[in-house]
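Labels for the chains are A, B, C and D, by order of writing; each one numbers its residues from 1.
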């Protein structure tokens, strides 16, 4: 189960796609790993398949090289550049600690891209509301939206302390507002910018990712204003691809899988509106 | 449990010996790994402690870097040169396969030296009777005996096919005789050289290591001729240092631990004489 | 047998099939219940290539399962407490089963219940279905009624299987729990009551605690342990049941992540095996393992011949 | 808490002690029976530094144990079938025990038997010895009489412990088997009969097969599984017994290879733990783990205070 026991990405992807299948777990090469903040890293690896297919809010499973740690570590895709895919993660336990020590040239096992993306339309004003490590998938969302000339994007990010994602999202968003815990929370920030939220007469849509209490607050803020709201959830996962029913969330239509039915759900589906 | 989770040899040895203890499991640096024959390797690592203390027929526990494989791989010491310790092993399973891929600069975890050595006297003619991978500890025995000017050493080795140890033991032994499976077995060879076994009026002593049936045949050959005989045994081990009672052998005084009471036993102790 | 060099998509003619309670399997490797869902796995490989597909336990009505978190990691394993969430047998009969049969899969339908009536209702609905075999799960540690409690007592189990037996002609596999003092008496009760085969083991009860909070990681507190860690334990159960019951077909389950581990089960006396947790962290693992085993059996013609005839090594 | 930087030989004042059934332990980490022999371990570290030393099971007369091979490797674990080889209680009383006491160790003497009479004979001989506690092993899976069979049935166990109870005033720990359907009823039987504490778990029955020969690796065929692999299973047993019996002191055993794993047991409600297999592949592991735990408890004053008073987290 060490990385080298899995087939390298090019072969795996080639073999699987030639046979008409989605590529399985494979070993990819790290091209960069940067520390963005205390305990926060931006890891980049080469995987042409993910680079070509990833959509906003999709994630990948990263795997430890320690065969005692078999379970997937789901991490949101934060950026794609050419054939390279970036993730931004916080060190919370042993797996992410291991990833923080990866260096260019090392390999890591990966599966993905996984999950159902944000449903995006061609002309809207997207307000990306991120909290902490909810920001990474929203950076990628901004990057994806930058390809839709008729969309506008505002990032509204809340941080514990350092504003580690402002510059990254700033490359793609029309506007970046952020707040740290000491200053307040993202709902405070939404209130502050509410007056300027209508842009060019576009429909405003909120896309949010972050801690559950934050997302619930965002959903109700949006609901009170009649603003559509999609949320990208997190839940402990067994497989990340929909086979084990470990990662469920309660929706109005019953328990759904966060990994395969989500991670994106609308506030209405969740009954959070 | 990966190699790096253990303290490096110098520190471990220093700390333990300063406190009056035997050094525990530690990480050592590989300095060389050579293929001697199909599936047979000679691995060398740097460990000043083992190099200084090892005695004939002692062994070390080598550990896999795969945390799924926790059990010790006991391997006889085959040579000591300066601070470097060599082992010779056959690839029989997953652990030894892993060791065969180690390269200079890699590390491996080790514990030792372990076991009770051959009991050697200052003037005797030692006939070292080795079969297959029983040869390595006998090479070291020859090396140790070379320091006793009044001893003579003859190596009598049986091989499956390639004579991988003749040159190595030839550095230290006065005489090397060997035979391959196709030609016969070591008892045949002992019969061939029996006439020349008395050297300079020295007492002849047989030291043997190899497959059990071979050692039993050697013991009875020796017994019929009134020649003293010490045998170095192998048994599956749990700890290698005498704490688990996994590795026993039947002796006339009851079941003894191969790792800590042995691996060396006399033919009499085993009742094999 | 490097995984590196294994292309599971290459066309492959299975060389070594088996029969379990008379049902032919293309090869002796199936998927284990609860770790396979067609809608997920079909993206990764041709699921009809498996020896058999054991599907997620189905109950008479949809079940919600346990609250989340439902899983925790453990050394070389995992703990899960899904609690048999499933959309119910009616949904299964229109959604999962027909699609699997269309693809050409051999299907083992895993049956769950909170009571004898529950099990009976599901088996009745499956009696005329295209399922190839039924696998009665009396061993789930994560539901409070039915599940493991049924499978821990020979009398209760005998009563249940006796009731289910007349409902269907389909081969009925009873899936046993390792969380028992005497697996043999339970296996015998199942066989006496008419089980055509046994599958073992389900998960072992276990848990993890978060040392940051001092509280269990899983909402249900305890769950079931699976994965490579349980391999020697599961193998020991198969061995003991085979020693006691020389004739009953056995499906060995627990910790299989390679063809070599599957082979140990066959040598212990299993007719076939199922792969569970390994599929969660490596989606194509079941097919890879089947391929590895197919190759390992090449050099074991005696074992392969026995399996082909539905016989076992012991 | 890097192992890299841990010098187990540095002088250390234990900050967090505990009491088990009234007996003070310097720290909550002991060695597990069968993995500690003074003659071997004393070369590696100051054994008196351990919370306690549980010694190899002693029987009334010397036992030969099982034939070899006695062990096989399993994923993150090992299987052993030593079969309680030991030189007998008389030898223990003149050799191992006095030396351990001289060094200042807290000693838990593990007691083995093939029959009630055997156990009684050993306990009688130990009654006036300097042993601090007795640990009645009714859970060895590797002997055919006594051992696990005694510890699998509440009635048999109750009879045995009731018989042993009047023989000695020493705190009596009963060591339980995980190979049972209902650990709680067995734990209750032991406590009702007068056990002062429980230790759990002993090994889980398991095996490995050599795929080159198709035969079991261990001469005894099956053995007992231990090591990190069993950690979540063992923790689950401790949790369930603690939930059912809030007051009985518990020693948690199984798969401990770090201070963090020891801590999970304390949060599950154990008073102390014992380290087994980890000592076999890393001789100083018990002491290292005790040190790691001692440091982890610094930031957990509430838990540490409870342990110091012989109370538990749950």
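Going forward, a residue touches a chain if its C-beta (ideal position, glycine included) is under 8 Å from a C-beta of that chain, and two chains touch if they have at least 3 such contacts.
Just so we're clear, the structure is a prediction, and the values are computed from it rather than from any experiment.
*Asks:* Let me check something: if the centre of a chain is the mean of its CA atoms, which chain is farthest from subunit C?
*Replies:* B
*Asks:* More contacting C-beta pairs: A-B or A-C?
*Replies:* By the number of C-beta pairs in contact, the winner is A-C.
*Asks:* If you average the Cα atoms of subunit A and of subunit D to get two centres, how far apart are those centres in Å?
*Replies:* 47
*Asks:* Taking the mean of the C-alpha atoms as each chain's centre, how many Å separate subunit A from subunit C?
*Replies:* Centre separation, subunit A to subunit C: 34 Å.
*Asks:* Go ahead and note the Å separation of the Cα centroids belonging to subunit C and subunit D.
*Replies:* So the centroids are 34 Å from each other.
*Asks:* Starting from the mean Cα coordinates of subunit A and subunit B, work out the distance between those two points in Å.
*Replies:* Inter-chain centre distance comes to 57 Å.
*Asks:* Mark out which residues of subunit D touch at least two other chains, giving numbers and ranges.
*Replies:* 72, 75-77, 228 - these are the residues of subunit D that touch more than one other chain.
*Asks:* Would you please write down the residue numbers of subunit B that are in contact with two or more other chains?
*Replies:* 67-68
*Asks:* Which subunit D residues qualify as touching subunit B in the complex?
*Replies:* Contacts found on subunit D: 3-4, 6-10, 34-37, 39-41, 43-46, 56, 62, 64-65, 68-73, 75-78, 80, 82, 85-86, 217, 227-228, 257, 277, 279-284.
*Asks:* Given the complex with subunit D, which residues does subunit C contribute to the contact?
*Replies:* 72, 74-77, 79, 152-153, 179-182, 204-209, 211, 214-216, 221-222, 225, 228-237, 239-240, 255, 260, 263-264, 267-268, 296, 303, 313
*Asks:* Write out the stretch or stretches of subunit B touching subunit D in their complex.
*Replies:* Residues 1, 4-7, 11, 15-16, 18-19, 21-22, 24-25, 61, 63, 67-72, 111, 235-239, 241-249, 254-255, 260.
*Asks:* Of all residues in subunit A, which touch subunit B in the complex?
*Replies:* For subunit A paired with subunit B, touching residues are 1-2, 66-68.
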